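Below: one structure in structure tokens.
Chain naming follows the written order as A, B, C, D, E and F, and within any one chain the residues start at number 1.
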Amino acid sequence: MWDWQNASPLTGLNFVAMVVGAVVVLAIGLGVVTYTIYAERKVIGWMQGRIGPNRVGPFGLLQSIADIVKLLIKEDVVPERADRVLFLLAPVIAFIPSFMVLAVIPFSARHPFTANLAVGALYYIALSAITIHGVMLGGWASNNKYALIGGMRSAAQMLSYEVPLGLSLVGVILMAGSLNLNDIVEAQARSGWWYIVPQFLGFCVFLVAATAELNRTPFDLPEAESELVAGYHVEYTGFRFAFFMLTEYLYLFAMGGLMATLFLGGWTGPWLPGWLWFAIKVFAFIFFQFWLRATMPRIRVDQLMSFSWKVLLPLALLNLVVTAVLKAFLS
Amino acid sequence: MLGLAWTPPMIAFLVISLLILVCAIMAISFRKVIYMALAIGGVFLGCAAVYILLGAEFVGAAQILIYAGAITILIMFAIMLTNHEAEEPPAAWSVRNIAAAVGCVLLGVTLYAVIRSQSWPHGAAGADVNQGQSNPVAVGLALFQHYTVPFELVSLLLIVALVGAVILAQERKEDE
Amino acid sequence: MGGAGSVAIPAQSLLALAAILFCVGLYGALTKRNLIIVLVSIELMLNAVNINLVAFSRLGVAPNLNGQVFALFTITVAAAEIAVGLALLLAVFRLRKTSEVKDLDLHKW
Amino acid sequence: MFGFLKGLGVTLSQLPRKKVTLQYPDVMPEWPERFRGVHRFIPELCIVCNQCARICPTSCISLSGTRDENKKLRIDTYDINFDICILCDLCTEVCPTESILMSDTFELASYSRDDLYLDMHWLYENELRYERAHPDRVAPAQLEKAGEA
Amino acid sequence: MSPYWNAYLYVVLFTLFGLLLPFAALWIIGPILRPNKPAKGKLTTYESGLEPFGDAHVRYHARYYLFALLFVVFDVETLFLYPWAASFHQLGLFALAEMLLFIVMLAIGLIYAWRKKVLEWT
Amino acid sequence: MAQTEETLERLGVPADKLEHHRLRLDDDPDVRTEEMLLNVGPQHPSTHGVFRLLVKIRGETILDAEPVIGYLHRGTEKLAEDLQYTQIIPYTDRLDYLAAMLNNYALCHTVEEALGLEIPERAEYLRVIVMELQRIASHLLFIGTYLLDLGAMSPFLYVFQERERIVQMFNKICGARLTYNYMRIGGVKWDAPPGWLDEVRAFVPFMKERIKMYDDLITGNEIFLNRTRGIGQYDTETALKYGLSGINLRCTGFAWDLRRKKPYSIYDRFEFDIPVGTRGDCFDRYYLHLLEMQQSLRIVEQALDQIPDSGPVLGKVPKLIRVPKGEYYSGIEGARGELGFYIVSDGKDKPYRLKIRKPSFVNLQLLPELLRGQNIANLIAILGAVDIVLGEVDA
């Protein structure tokens, strides 16, 4: 009953399996976010000579949960001058795509958790662009100068890095001959190498663009607390704020999954079970993000924009052309 | 309703159509321009769902990427760069508006009559438009084997649009 | 994986949806005063056309991909159209401080 | 070109280092002998010379005393307003008998300003607490005099 | 019914859950749990500790629009690159030439924007 | 034009605003982007205290900036008129609270000059050691907060590790961690406790290693370089015109250090360099802090070698200090520039007037000039590098 992916026609039990799969992914997503935040605080704390959260639960393991509960019982303040409807709606608009992209990430070889879409990679890129609306509208609806600048910058940044991100995938698609993420994993397993090797340039572009797309240091301009105080979510409180945070960390997880799938062979790997390999690769990505955050200062907004268009985009195009030419003449 | 087969795709289609129409009506009846932009995003997403329902996965994803993603953002930026609080005045029953409304309703009725009067093909059962490929691959093959010239014209169109829009939108340096 | 197989949606319903969407868009384009909304209404009409194109690619006499490819081109053209249209609007707004169609109907600025 | 890689190395090398966090309420900081916390006061030693009140830059000390049967001045009240005390240590510097001293009490937060008005009894209690906590730090002269009284 | 529908049904489920979670948390559970004590000070907009003055909704520099514009153009390019890349192994050299021409055209657009200082922030 | 007004009316712009709009249109018919007043502070994370910067921006270009100060004003100068000289010392702790030892010294030094006091050797050495340690602590905090402003959070937490060691040493020698009140007119309050000098000696190599670590972590980072190179640049002439001093002056290549140019205390006995910048930009200002810490360590090392083993730490000072009638000024090289105390005395035990030359306050005057015409993204980088301490600016 678990194998609903090829079940035709779909029986009731298959459907139940599907719902269970979705619920499990939701639970995994929320769990990963909770403990990513915890791990981030711990790892960055360790890198800074601190011990990180340690008061709630053993080793502070319940810290993030305590934070969530705190946010849930916080008053929900909507500023008087804000555009109420959009203000309330913006976090939801931002959140939904962040969860939807998880539908196509192949977590392991055979499981009921992945939609086997033929347009998988494009689906991810297309949906992640919708989050920009939420961020932008959130900043606009707050009717606050910092929030508006933060929202606009955020949108401009995410737009700018969406392009190299999308183009860096093309090299992988060229090699695998499919947009389907499952096929890409299998093509890597067949070819015997992870695409990080032949697509190293593409991988670098992807990594930089992904970091920027996730609004993480050194590209965390939108929420630059030392300039814009907190960027687009300056006016958000309680659980609405939590949804913006949830969105960011879900994307961190999803982007890690995407990177593992496209460049690191997804769930393939020797000895260990597939899901564990996948988890290791995703965590490597997440750890790298923490590491960057502990080290880097923030890039300036004009440099940020020109970097995307003047460096990353040409590099991505170059990578694409080289891959295509090599593929055409080698095969 | 009128002898429709209540298959799951049909139900999905009805739900999606309802979403599209509600969003479309909202898109032209809200007063705040930014709400209109948001509602039109709903229409775009609904259309994407219709395409996917019809098996045109790639066009559906393209619709989300270009329309719901890029174009809606562009519209929002345009609103934020002009008059944020722009509002449509409440519908005034001017002659022009009434004429437009009557004309549109008449057009709709005529179109509906035409649609009803014809018998439409239902697609060859079992015909696979993708010829055994996955949809994006099939679209790619069609695009690059049969539509080479239009494809290159697209790049020309894009570059012309880019240049034109840059010239129009760029602020002159002396304003700084 | 090769597509949706046969689709049990009657062509009439799809065409009707497209027709209504087209009329709504047309009404908007004719009556609205804000240039942005006029452009948005035109997008509605384009989407209506796209629905028809995709519908016929699936439900036509000889189903093939031409409709989908055309829809792709339409989307592209729409993107170019709105980009230039809004750029025009920005340029006009800069000079006239208005984004209303009514204020822009003079031949000489 | 890749100078930031050096920086990444630095942060990574810090990861396994020993952590410096002090678990404050569980582990109290170790204060050196000269630490200037809230005052402690030994009434027996005070000769009511008023020097501490005069040197205080913020005038937060107020005291009064009476002459006893031996014509010796005895302290009656000794109040420090901790609202304005800046813990500058000048009062203990001028005290000829070392009756006003600094202790290692440093937790001063309270819900009311009234609680910050410390009187002689509080200060003496603080002295007793300090003696219990640091038996090795009490000066012999001080012990002697305290014993006499 | 085919795997195609199953996959998209799964996506629909994700959409529904994605809607359900925030609505449940913000509009159903939230109001029960959280206090609501609005006060004048709370409801004002943050402005570095001062009374907010002026409207935040002023117009910004058109460069934001220009970046969005570039984004649209290159997004369309990406859109065409995807099916090309996916079907490239069946297309051969002619498709490579086609795409090179396409990329060169857009690169010209990029260079134009570069020269016109669209890519500069200041 | 009439049409524009009509449009504005229809948009519901009130009549008084209409005037405003029209004015702008007339002024500059081609203006594309509206101007906006942006408040940075008083409650803003990057203003290092309660400092308000009112910035007028168009788009993202700063047209003008106006620092609004005084949120931390405590009237130190006025209070001093009612205090004996010894009593003023704890107040100086609170001026530049990151470099309280230097403030202590500056006041004591001025009074000592006025009185012509002889300071015991050991006291002089102790003073130099704590002052240079204080300078290191202060520079460390600059590096930490500046990098925090620029978005890197680790240096901020690293600097506190070294600073903690310095502060602990101060705690041992004078019993306080921030407001030391250590110097006295004619010497210092306490001699170093047993083992204290060895602790300082052990600190020096540790600190050298950490400076190298900061160099690795920060100096080479491309993002940091891009954000600070050529930003907030000015030349020596401008710096002198505005009366800048300290690193803000030296970054332009002008080697001006009072420890060398007008030696006070026993600074003429030490070998050390005056590091200077070349371009006068934010990067130079950052890098000079790093280099100056090395020089301070050199001074500390030499002082540790030269300090006499024992001796008095407080000279012969009258019980009640009365400064002879007259006006006295002396300045020292503070952590942020020339820190001077100007005393007008009428011969009583309290100053008739005390004026403090506060380097932060003077350096701040350049800020509007630096910000004008800049991109708003550079605001924080420039503001941070000017290195103000609000306790000193507002006094």
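As a convention for this text, contacts are C-beta pairs under 8 Å (C-beta built on N, C-alpha and C of every residue); 3 or more make two chains touch, one makes a residue touch a chain.
Predicted, not measured: the structure shown is a model, and the values here were computed from it.
K.L.:
From the centre of subunit A, which other chain's Cα mean sits the farthest off?
P.N.:
For subunit A, the chain whose C-alpha mean is farthest off is D.
K.L.:
If I average the CA coordinates per chain, which chain comes out farthest from subunit B?
P.N.:
D
K.L.:
Centroid from C-alpha atoms only, then distance subunit B to subunit C, rounded to Å. What do you get?
P.N.:
5
K.L.:
When the C-alpha atoms of subunit B and subunit E are each averaged to a single point, how far apart are the two points in Å?
P.N.:
Between these chains, centre-to-centre, one finds 17 Å.
K.L.:
For subunit C versus subunit F, what separation do you get between their C-alpha means, in angstrom?
P.N.:
Going by mean C-alpha positions, subunit C sits 62 Å from subunit F.
K.L.:
What whole-Å value do you get for the distance between subunit A and subunit E if each is reduced to the mean of its CA atoms?
P.N.:
Result: the chain centres lie 13 Å from each other.
K.L.:
Could you list the positions in subunit C whose residues touch two or more of the other chains?
P.N.:
Residues 1-5, 72, 75-76, 79-80, 82-83, 86-87, 90, 94, 98 of subunit C each touch two or more of the other chains.
K.L.:
Can you list every residue of subunit A that touches 2 or more other chains, as numbers and ranges?
P.N.:
47-50, 116-118, 122-123, 125, 129, 140, 145, 148, 152, 155, 159, 177-180, 229, 294-296, 301-303
K.L.:
Quick check on subunit D: which residues sit in contact with 2+ other chains?
P.N.:
4, 7, 10-11, 14, 20
K.L.:
Inside the complex, what are the residues of subunit B that reach subunit C?
P.N.:
Its residues touching subunit C are 4-5, 7, 9-10, 13, 17, 20-21, 24-25, 27-28, 33, 36-37, 40, 43-44, 47, 50-51, 53-59, 62-63, 66-67, 70-71, 74-75, 77-79, 81-83, 86, 88-89, 91, 96-97, 100-101, 103-105, 107-108, 111-112, 115-116, 120-130, 132-135, 138-139, 142-143, 146-147, 150, 154, 157-158, 160-162, 164-166, 168-169, 171.
K.L.:
Residue numbers of subunit A touching subunit D in their complex, please.
P.N.:
Listed in rising order, the residues of subunit A that touch subunit D are 43, 45-51, 54, 291-292, 294-296.
K.L.:
Residues of subunit B touching subunit A in their complex?
P.N.:
Residues in contact with subunit A: 32, 34-35, 38, 41, 57-58, 60-62, 64-65, 68-70, 72-73, 76-77, 80, 84, 134-137.
K.L.:
So in the complex, which bits of subunit A are touching subunit B?
P.N.:
83, 85-86, 89, 117-119, 122-123, 125-127, 129-130, 132-133, 136-137, 140, 148, 152, 155, 159, 177-180
K.L.:
Provide the residue numbers of subunit A that touch subunit F in the complex, in ascending order.
P.N.:
Answer in residue numbers: 44, 47-50, 145, 217-218, 220, 224-227, 229, 293-303.
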